[in-house]
Amino acid sequence: MVPPEYYLVLSAAIFCIGLFGILTRRNALYFLMSAELMLNAAVINLVAFSFQWGNLTGQTFALFVIALAAAEVAVGIGIVLVLYRNFGDVDVLNAATMRW
Amino acid sequence: MTDTDGSDRASAALAVTALFAVLATMALGAAEAFPDPTGFPADVSIVHNIGYALFDIGLGEIPVEGFLAAFLIIALALDVALDAAIYLAKREDEGSIVSALTDGGREVVAGDVAEREPTDEGGDR
Amino acid sequence: MSLVLQGTATDWAFSVRALLPVVLLALTGLVVFGINSLRPDGRDNKLLALTSIAGTLSALGVAIWYLLAGTGQPTHGGAISLFSGAIIVDGLGLFFTAIFASVATLVIAASYDYFESDANPASFYSLLLLATTAMGLMAVSNSLVTVFVSLEMASLPSYALVAYLKDNRGSVEAGLKYFLIGAVSSAVLAFGISLVYAATGSLLLPEVAAQIGSVGDLNGVLGVGVVMVAGGVAFKTASVPFHFWAPEAYEGAPAPVSAFLSSASKAAGFAVGFRVFATGFQPALDIGIDWGLLFGLLAVVTMVLGNFAAATQTEVKRMLAYSSIGHAGYALIGLAAITAGASATNATVMGAAMAHLFVYGFMNTGAFLFIAMVERWGVGRTFEDYAGLAERAPMASLAMAVFMFSLAGLPLFGGFLSKYVLFLGAINAGFWWLAAVGAVTSALSLFYYSRVVKALWLESPTTDLDAVGDVPTGLYAAVIVAGVVTVLLLPGFGPVIETAEAAAAALFA
Amino acid sequence: MILEALLAVTFAAALLVFAAPDEYAPKLAFGLSLLPIAGSLYLWSAFESGGNALTGGEIAFNTVVPWLEVAGYQLQWYVGLDGISLPLVILTTFLTSLAIVSAWTPIDERQSQFYGLMLLMEANLIGVFTALDFFLWFVFWEAVLVPMYFLIGIWGGPRRKYAAIKFFVYTNIASLVMFIGFMMLVIGLPVNSFGLPEITQSLAAGELGNFFWLPADTLALVAFAAMFIGFAVKVPVVPVHTWLPDAHVEAPTPVSVMLAGVLLKMGTYALLRFNYTMLPEQAQYFAVPIAIIAVVSVIYGAMLALAQEDLKRIVAYSSVSSMGYVLLGLVAFTEFGLGGATFQMIAHGLISGLMFMAVGVIYNATHTRLVGDMSGLADRMPIAVWILVAGAFAYMGLPLMAGFAGEFFIFVGSFGSTVLPYAPVFTAVAMFGIVIVAGYLLRAMQGTLFGPFNLETDYELDRAPIHDVAPLVALLAAIIVLGVVPSLFFDMIRDATVPLLELLGGGAP
Amino acid sequence: MVSASAYVPAIVLLPFVSFIVALFGRENLPKRGAYGGIAATAGSLLLSLWVLVSVRNGAAFQETYYTWATGAGAQDWTLTFGALIDPLSVLMLVIVSLVAMLVHIFSLGYMNDEDERDLPRYYAGLGLFTASMLGFVIADNLLMAFMFFELVGLCSYLLIGFHFREPGPPSAAKKAFLVTRFGDYFFLVGVVAVFTTFGTAAFAGAESFPALAEAALNGEATVWTPGGLEVSTWFTIVGLLILGGVIGKSAQFPLHTWLPDAMEGPTPVSALIHAATMVAAGVYLVARMYGFYVLSPTTMAIIAFVGGFTALFAATMGVVKRELKQVLAYSTISQYGYMMLALGSGGYVAAVFHLTTHAFFKALLFLGAGSVIIAMHHNEDMWDMGGLKDKLPVTYWTFLAGSLALAGIFPFAGFWSKDEILYEALIHGLDEPLILGAYVMGLLAVPVTAFYTFRMVFLTFHGEPRSSLARDPHPVRWNVKGPLSVLGILAVVTGGINLVPVQKVLNIEGIDYLHLWLDNHWGGIEGLSSHHYAELDPYSSQYLFGGEVPTVLAGAAASLGLAIGGLALAWVLYNVADPDEHTDKLGGLKELLYNNYYQDEFQVWVADNTQSVAGGADTFDQGVIDGVVNGVSSVSLLSSERIRRIQSGVVSNYALLLTLGLTTLLVVFGLIGGWF
């Protein structure tokens, strides 16, 4: 039997890797992928503990999270597209005209 | 597409590892607090139960909370996301939309993408 | 007919009637979408606007009618829970739905003029209406599932709305930033919910509350979960440290959208915050997860950062962005001053925060719509460009002065009483230092709010404001209506605070 | 009902004048301002004094209408008059209409807005003096700032914006500090409404519990100190007075008449109503420090006036000095002390109003206020100059004029006070102020009015127009009448202040 | 017998009516206000005489007319206006109204004939002054006295500054008001102290504060004293406080510098205000509350010493002056020093006697100087005069009578009153060092007074005319000569009302009318009589050379001898055809005297210092206190500038800060909650 805390550590690791992706990547698309990764970390947790607690709430909710991740990426792509049309490339650092 | 320069990567790495450390200690701290997993009865089809849960039909053996409300909402949500994505992606064919207003960042000359002069450093206090 | 709604939870007719305001909003959104798909190239802006306003106004009417009739109040058979506990229609839900509907009405009325020259505004109206529906759902959701889903449903269209001006670099940049931080925050929220699930094994708020007692050594997991959920709420309400998107988003987005975001979606964030923390996590206070102090800390930092950063802004819209962050700090006092057990003071301070959000909704929307009108006239964005505007547009400038002084908390307008009752609530709950920080920052806010009034009324015009004067009907009406309501909310504050307090009390019962 | 009518009439007048065209505004405003005077005179005739409103005395013309209920406290529309507030209401109405007449010459642009704001301020001031519910009072208290901000900001002198914002934020911070102090006090009490009489009587009955961790007596001290700081800024008292000279110098004449004449009295009125009626023991505890502040205000204020070159700054600083006397009268806490302090408020209101108007009339002709720029005006503008001389002597406390009556009552009251240790020393030192006052006023008059005629700003000088001189004569007459027959107001005031002494059993030997 | 109390207020109100008429009548009044003034003062004089007669028939009374304000609770004092008519006040009433009327008539000549501008304002000022002075005289309590005391100060300010168009008079008026105001400050503290101590400020009656003080001293009553101070020391302090006001108004030593500058005002004003009435107010006040002063010996000694010193001090300064009115001003200060000496040494009747005689001959001298000034077309320098004797005979003879009275030569009024003062000072001073010192100074001042008086007479009237003006002076009309002659007769005759030495030496009873008058012989208010004061008087009187009569004779001889000596010296030095500046012989001392011992410079120095201190306070106020306020605002704006910078515009920074924020929150609340 895999003790449940390992799942916690695993999902935390994936969560942090996704976060690291967001902090360092300049390309907006990488942003999307990393965000996707972070959401999946949550999914792992949910499914693991659905089994732990013996009720299906976690798993069904996981489905919903996955669906929403997809929706998010859809909108994300839309935004990246518009970004490209306006700034010529998808580098996140160029889009810094407004500050202070 | 290169990544952010060296110094940012270091601070980002530091921040992320710190967060991971916190989460890991949290997880390991709760190591023996978990009772042994109750698991699911072997003879039951989990997929059916998920189906019942989705439509909040009480026939399933495995305890689960009703997701009907969430199901209806996500329907609307996905539709909205679709609209948003399409709107953003849509390219108005006969020339770009005349900029409604000088809104957003700075004055934009209608039509082409004017080069924006970055706001000066100080801004009068 | 007393609206004591009976019938089984999943009886469709019953739940539709219970959720009527939200359903109406959803229907109008779809109807608008339908009209657009029927005549894709038709530019019938007036028809779309009118249907949308009809929808939001009817939702507002129904919400107020339900509140007055006492639906979901303890006096009339308590809260109505639907879909096996996932949705709960009670005073809090209806109160916030009323806020969203009124803000949406004003914003739509303003956008009718704002997007006059836009190719097909239909998508704007539908996105806006569906976002409002999502917020309505957030206010009535009683399970972390419905919270997360409706929160996402509200955020997605908002990203698109912020980036609505597709070829304006400011709007796009704002959209991008809002999206990226939004994505991260929703991930944090999801992870938080998963941890809460890990610790308690359930996602329905009442069950979570019940389970918390027996969490034992898992309080670490639960604690991190609670903090991350708080982070999700902080993102929606634009409080520190999840506020970084707000200044650019409010400044970059088209003014009606900024108004919508800074009033409605902030209130929705608070609705979720109040419900989740009051019903779900209140027992957590006893086992070492002191989220009251957490929100206290967030409130102080948000108030300080919001007001201090706004003091030296050169552009009015960005100043208003920071000021709305500041006001998020004031509303956070409602959450921060909650103490375990004592339900009387909790009800007061949360009710005061809700009332403040209601009044803030009008003042803030009015202020942003005034900026929309000024942008429509082609006047610049800095304080100097606003100089002497009162001579050319006295009524609108008077309304703006009302909004500014009301946001600063000066009497003769609604903002005064809502802010001071909030401070009274905080002191009543023993958190006098929160009220002290609030008082000092609101005094500082008086400084930069009066900079706007000084520019409008005291300065003499530098540029020749000839474009000013052609009165955009919808926008003008929205600003004036917001102004009148803000003024009336001083004498008329009674019913607002009383319903809010009753709703909050029901929450803690 | 009469008080509501008075307030309603004044508000209506303000709105009417706002709407009136600029050229009719001055005459219309003056005409309308006669109505409040008639109202206050009627109040005076129908008033029979019945002790202090707060300590259970019978309140004249009082009406109580519940407004809203929050946090278990009942906020209400609670207005009433007693011996202390009636003279101040009469002073307000009398001074406002004279200020309006004196504004006919100097104010030559945006007149309707000017007179509208003046009448609005008058309405708020009447509100401050008649309100007996804390929140209602606080609404009027803060509402006075808004019109004053605009009046200074729009029609002021060169540095008007700085002066306006400094005045605005400074007094606002002060009243916030006071608000928090008072809230903590009220929450410590078992009262369920903010009515000042209820609070006073419950404090007198010693029902003050402790506020969370603050024991009752330290709570009372903290509340007293917070309220004192809040009101001291308004008085103003020395360390916190620096907003006054800037506000006075930059404000146009009629506005500085109102500022000196009535707005300063709000601070001392509030000190008497809150600090010295509700918390007499604490007043005794703080007697020595406050007495030191009072004496320093008198001497330091007078010394500052000695060093000024601008006539208006001289009169402004001398207001600081005279308000020091009022504070001395309050801190002595004897019959003549309290009665004299209240009477001095009225006297100083009239006299400083006269001085400012006279300086204004001279400024209208010479367009300069610097003592060095002009001399020998007496033979060019005899009437205005001799009234200024009479006003200066009234300021110095010449007998048979209101100033002497006020000051003498304070001195004779505070000399033998048992409440204030070393009272004779404090009084004697404060009385030296009358010599310094004589010093700088005579120095200024001799510099400008007498000696051979010459004027740096070579304007053609001739007699002041009749409508400038008329208010001066009216004010001088009022000062002399009050000087010769002080019992017109003093009996009424004495009946209202004597009951305060039973609270403490204080008073002279 | 219609009671006098109904008419007493009329005495005060008549001149007040003339003030109102002159104020509002402006130009179209007969003689531009003069006749109104004369009629009013004449009316007051007649009424005063009528009241004198009724008091002579025993109708002295104390009546309250109007309650100004009433206290309640522990401070239930009533502040009232009322009249106290007794021998002392009636005497003063007559003096004031008489001199006022004569001055009004004189003003016809001095002001109207010289056709000055703004005359209605002049007569209004005179009217208001006379009304306030009469009000002060009849005052029955200390507060009412203080009020009219201040009003009189105001009128002197207005009248000194009458010619406000030239630079001189306004600054003189300002100085006069400020110096007297400084004195009045102490007086006001005294008034407040009396009220707090006794609860009343009434002069007369069983409940009056002198009576209460007397009772308190011998233990029958208890009175409030600040901080448990011993009763007698507290009474001394109160006495000295009120004395401050007296010294200010009667131009005694430290606060006398304003009187010589007050000569800037028109001469009738100097005559009325700065000779006869206002300056006498201080002395009259001490006399009025003599019952209180007598109780504390230290105060009496101080009064005496100040009086004596001022007498000598002022007389020395009078010697070197060049203008006619300056000499008279210093002589006034000196004469009032004598009166204070008398009051201080227990000579109550002597002081009043000298007050009366001095009022007449000093008014005479001033009016005489006025007519000389008219003649000399307003040139006051004595060294341009000379030989006016035969051109202005009436002026000369009346001026001579006045000078003889001032110097204290035998038959004239001045001799009797000054001699009695010195006598009282001598007999009471033998075992009191302070009073003896005062007596010696007073005695030394006699020859100096005689010297400067006759130096003035000889320079002005005798010898050869030294300037063209002096050769053909401008003739004066009846309205100048009339008052002069009346006052001339009075200066000669008034000595007769109190021939004490004659009565003592030839023991003819009953001719010392003033003693009897002030001793309530013909009725008066109990407790306000000279014998009552004598009982309380702390001094015992010793006599030289065995008995009372030898002391009287010795004193009279000494003072007369010294006076004649002074006169002779002046005669020798100045009664020559073409006298020269003998005072140059004094060399450095002349410089010192001419500059009045540099008193003025000292007071100007004090004024400048306060000005610079005020300047320092102002810079401190602007710099520090205002600095703090602006500092707070700039600090907050600076910090707001810093906080603004956090929003760097780059999304990854936001994400980074967000993660850091989240981690810190987790760590902080983890530790607080004990999660790990």
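Order of writing sets the chain letters: A, B, C, D and E. Residues in each chain are counted from 1.
We adopt the following convention: a contact is a pair of C-beta atoms (placed from the backbone, for glycine too) under 8 Å apart; a residue touches a chain by one contact, two chains touch by 3 or more.
In UniProt terms, the chains line up like this: A = NADH-quinone oxidoreductase subunit NuoK; B = Proton-conducting membrane transporter; C = NADH-quinone oxidoreductase subunit N; D = NuoM family protein; E = NADH-quinone oxidoreductase subunit L.
Owing to the predicted nature of the structure, the values given are computational and were not obtained by experimental measurement.
Among the remaining chains, those touching chain A and also chain B are C, E.
Considering every other chain in turn, the ones in contact with both chain B and chain E prove to be A, C.
Core chain by CA centroid proximity to the global CA centroid: D.
The chain with its CA mean position farthest from that of chain E is A. Computed from the mean C-alpha positions, the centre of chain A lies at a distance of 98 Å from the centre of chain E. Centroids of chain A and chain D (NuoM family protein) (each the mean of its C-alpha atoms) stand 64 Å apart. Averaged Cα coordinates give chain C a centre that lies 79 Å from the centre of chain E.
Averaged Cα coordinates give chain B a centre that lies 60 Å from the centre of chain D (NuoM family protein).
Shared interface positions of chain A, i.e. residues touching 2 or more other chains, are given as 4, 8, 15, 19, 22-24, 26, 52-53, 55, 57, 61, 64, 68, 71-72, 75, 78-79, 82, 86, 92-93, 95-100. Counting partner chains per residue, chain C has residues 145, 149, 152, 156, 159-160, 163, 166-170, 172-174, 176-177, 180, 184, 188, 202-203, 220-221, 223-224, 247-248, 252, 312, 444, 447 touching two or more of them. Residue positions of chain D (NuoM family protein) touching 2 or more other chains: 169.
The list of touching chain pairs reads A-B, A-C, A-E, B-C, B-E, C-D, C-E, D-E. Residues 145, 148-149, 152, 156, 159-160, 163, 166-170, 172-177, 179-180, 183-184, 186-188, 190-191, 193-195, 197-198, 201-203, 221, 247-248, 251-252, 318 of chain C are the ones touching chain A in the complex.
On the chain A side of its complex with chain C, the touching residues are 4, 8, 11, 15, 18-19, 22, 28, 31-32, 35, 38-39, 41-43, 45-46, 48-49, 52-53, 55, 57-58, 61, 64-65, 68, 71-72, 75-76, 78-80, 82-83, 85-87, 92, 95-98. Contact residues on chain D (NuoM family protein) toward chain C in their complex (touch as defined above): 67-73, 135, 138-143, 145-146, 149-150, 153-154, 160-161, 164-165, 168-169, 172-173, 176-177, 179-180, 183-184, 187, 211-212. Across the complex, chain A is touched by residues 644-645, 647-652, 655-656, 659 of chain E.
On chain C, the positions that touch chain E within their shared complex are 176-177, 180-181, 184-185, 188, 219-220, 223-224, 227-228, 230-231, 240-242, 244-245, 247-248, 287-291, 293-294, 297, 304-305, 308-313, 444, 447.
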